[in-house]
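For reference, chains read A, B, C and D in written order, and residue numbers begin at 1 within each chain.
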Amino acid sequence: LNRHGHFRLRGESMSRLETFVDAAFAFAVTMLVISVDDVPQSYDEFIEALLNTPAFVASFFQVIMFWLGHRAWSRRYGLEDGMALTLSLIIVCGILVIVYPLRVMFAAAVGYFSDGLLPFPFPLEWAHMRAIFAIYGAGFCVMCALIAALYVHAYRRRDWLALNAEERVATRAEIEAWLIPSATGLMGLVLALTAQGEWIVLAGWVYVTLFITLPAHDVLLKLRLQKLAQTSSD
Amino acid sequence: LNRHGHFRLRGESMSRLETFVDAAFAFAVTMLVISVDDVPQSYDEFIEALLNTPAFVASFFQVIMFWLGHRAWSRRYGLEDGMALTLSLIIVCGILVIVYPLRVMFAAAVGYFSDGLLPFPFPLEWAHMRAIFAIYGAGFCVMCALIAALYVHAYRRRDWLALNAEERVATRAEIEAWLIPSATGLMGLVLALTAQGEWIVLAGWVYVTLFITLPAHDVLLKLRLQKLAQTSSD
Amino acid sequence: LNRHGHFRLRGESMSRLETFVDAAFAFAVTMLVISVDDVPQSYDEFIEALLNTPAFVASFFQVIMFWLGHRAWSRRYGLEDGMALTLSLIIVCGILVIVYPLRVMFAAAVGYFSDGLLPFPFPLEWAHMRAIFAIYGAGFCVMCALIAALYVHAYRRRDWLALNAEERVATRAEIEAWLIPSATGLMGLVLALTAQGEWIVLAGWVYVTLFITLPAHDVLLKLRLQKLAQTSSD
Amino acid sequence: LNRHGHFRLRGESMSRLETFVDAAFAFAVTMLVISVDDVPQSYDEFIEALLNTPAFVASFFQVIMFWLGHRAWSRRYGLEDGMALTLSLIIVCGILVIVYPLRVMFAAAVGYFSDGLLPFPFPLEWAHMRAIFAIYGAGFCVMCALIAALYVHAYRRRDWLALNAEERVATRAEIEAWLIPSATGLMGLVLALTAQGEWIVLAGWVYVTLFITLPAHDVLLKLRLQKLAQTSSD
């Protein structure tokens, strides 16, 4: 078995589930960019299509985040039982459902933050923003929870997988690392539903906290792994 | 050879046929969701597209059911001869043909059962429902029969594959397990063509019987396998 | 090395070229069916889309014919040098170019032979049929010649591949087996350009000769292989 | 380890990253051809779609050039660490962003050089050509620089990869071989922004210099490798 950091990679050979997941993700990101405005029929449409690039790039890397989550999980554990199959297929289904909401959400955000320099997806009122942020928050919360569920499943099968002490700590840490954005999405949903007037944008700004919470969690993990190494060397 | 339950997995390495089948299925499910309403151009279209989600999710898992059928079959037997190739390609062709009828059928069902809260695919009269149920029944019947045919093919080559007694019973059981929904689809087709007035909905309700017949078949299989184990241990 | 008939399979492990070719072919066939009429917006459009099924199925298996040609070739020889790469990419490009002409050609043929019961792709005059048959003939001729070129390339590297006497005969036979439809396509092109009035349909009927010429070629090949076996056993 | 010329191939087994990259590239090229004019609805549209073939073929092979660059790199080094992943995903994102600009650029070029015999993508003025050449130059420059960055990354890990003297020279040569077109793209961008009147076409002609600079670089590489072989045999 090869290693990635502390983790022995149990699932490096390709399976059909992985091919299917990869093809569906590749398709989803292609659709994000390609079908957004069909083929430009005039120079102005061509330029407008290019102005959508920032929103496309943002939603591309959002989708990729979930693909990387699935890939890291399947490389580490190589599980392909009934539960792994079910969760993976629900994740693919979820990605396909949220691919357009994602696009609309990022286009709205880009339009808002560029003060209309970059195009909005369509004319939007504050009431619409509320719904879009709520939908995005719900989707983000569910998708991150599904990846966390994959790690919970692996953790439950820790004896069968013969995970060592370090790998058990790393698996628990991954569960937390995906529950943090999941909780952030839930908070975004709640803020979107309850905030008054222009405070709705808080439901977008809440995701910025991830740049603090996730690195902080990483630091805590490293401390825990050091402690573990000390304990076992004693 | 690895095992899945009682079955030694003869086809775990990827082949080009499998990559092709996976890519085509991944496309088909993506198309189910993505191209249904093109990109929303206004907030109302955006919300309407989201209301299609239940119908999409239902047809996604319907298509996935056939993909899982093909995957389980190819993992178990690893056959890639002329007949396996022909049947697999006919299944891919069949999925592509029924992908839109499926979508329309589920959208109609979702619209009907939610009493119009969720959108119909397009305005429908009872005469149209008859045709849609008939087309769906025919497609469902043929697709399940094709998966059954894959197992019949594997059963015919049981000596070449060196299937043991348990695996032979399991293979015969799979043939039956796919002929049951195939027969249900046929009954749906007949009901759609013959039922009077609003009784046409029976052609949709008939598929609910699968929640009884398939588990019942599973119980019978387990009894047969126990008997077999007893006989061989005597 | 495994065997398929008389042939040792040198290329059974998957390569990136093969994944790329498979994904592009899977995409091309999906596009054949899916984007033809966008999503039906009314019951009549739904039924019309279903009536396109025979033309779709015919063009699906036409595209699959070239995929099977490429797959058989790469399984047998496992070549992935510069020439194999170039020819494979030209074949993918060719398939993408001819995918719509194929669709139009088969829809026209189906419309013609069903006497208008099944839908024409669009209103057609005899002068248009001439152009469609000519384009189809040219595309068919070039695509088959490209597959033949793959086998010529393998035959040239016969020493490097260590093909035995039987495999050399089989390779030469494959070259001929692809040049026959290529020549038929050329004849279709010439007939389309020169035939008078309704005789243009001959440019379509010419492909029926393949049901005689290809089996005849197969019989000749078997005789040659028998002779070879006799000679080597003497 | 197999070899390709002087290079031992470290990355011949398929990984998920490669499947994902392949599927995304296969989609991108299919989209180039398929969605350009939707399905032809009349004979004239059908013929017009065929006249787009030269521009499609040119942009197909342009996209393929980057795919071949990525494939050659991953076969040689088999790296799949964080940096390789990041660069590969940026390349995929870049390809999806430039796929329509590429199409427009080549259609404009084909329209210009055929003097309007082949169709322009849409009516164009000289000011538009300036923007199209500038966008193309920027995209080409960035994409080639990204492939060069992949080789720089491999070169940095040369000790970990245990590259021998020959392989180090070849890796440095690949970096240069991708920086040359990158610099050419930059020159095209500058020319597009600064050229007066019809001189803007220089921003297109500049790419013709690659037919001289790249072969010249190849000759220099062979001289260096010969020198190296002499030195090591002394």
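Keep in mind that, in the parts below, a residue touches a chain if its C-beta (ideal position, glycine included) is under 8 Å from a C-beta of that chain, and two chains touch if they have at least 3 such contacts.
Remember, predicted model here, so these are calculated numbers, not experimental data.
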Same or different interface residues for chain A and chain D, judged by whether over half of the residue numbers are used by both? different
Quick check for the class: compute each chain's Cα centroid; which one is farthest from the centroid of chain B? D
Round to the nearest whole Å and give the separation of the Cα centres of chain A and chain C. 42
Between chain A and chain B, what's the gap in Å when you average each chain's C-alpha atoms? 30
Could you list which residues of chain C touch at least two other chains? 13-14, 19, 23, 27, 35, 38
For the complex, give me every residue of chain D touching chain C. 12-14, 18-19, 22-23, 25-27, 29-30, 32-35, 38-43, 46-47, 49-50, 53, 56-57, 60-61, 64, 67-68, 71, 74-75
The residues of chain D that touch chain A in their complex are 14-17, 19-20, 23-24, 27-28, 31, 35-38, 85, 89, 92-93, 96-97, 99-101, 103-104, 121-125, 128, 131-132, 135
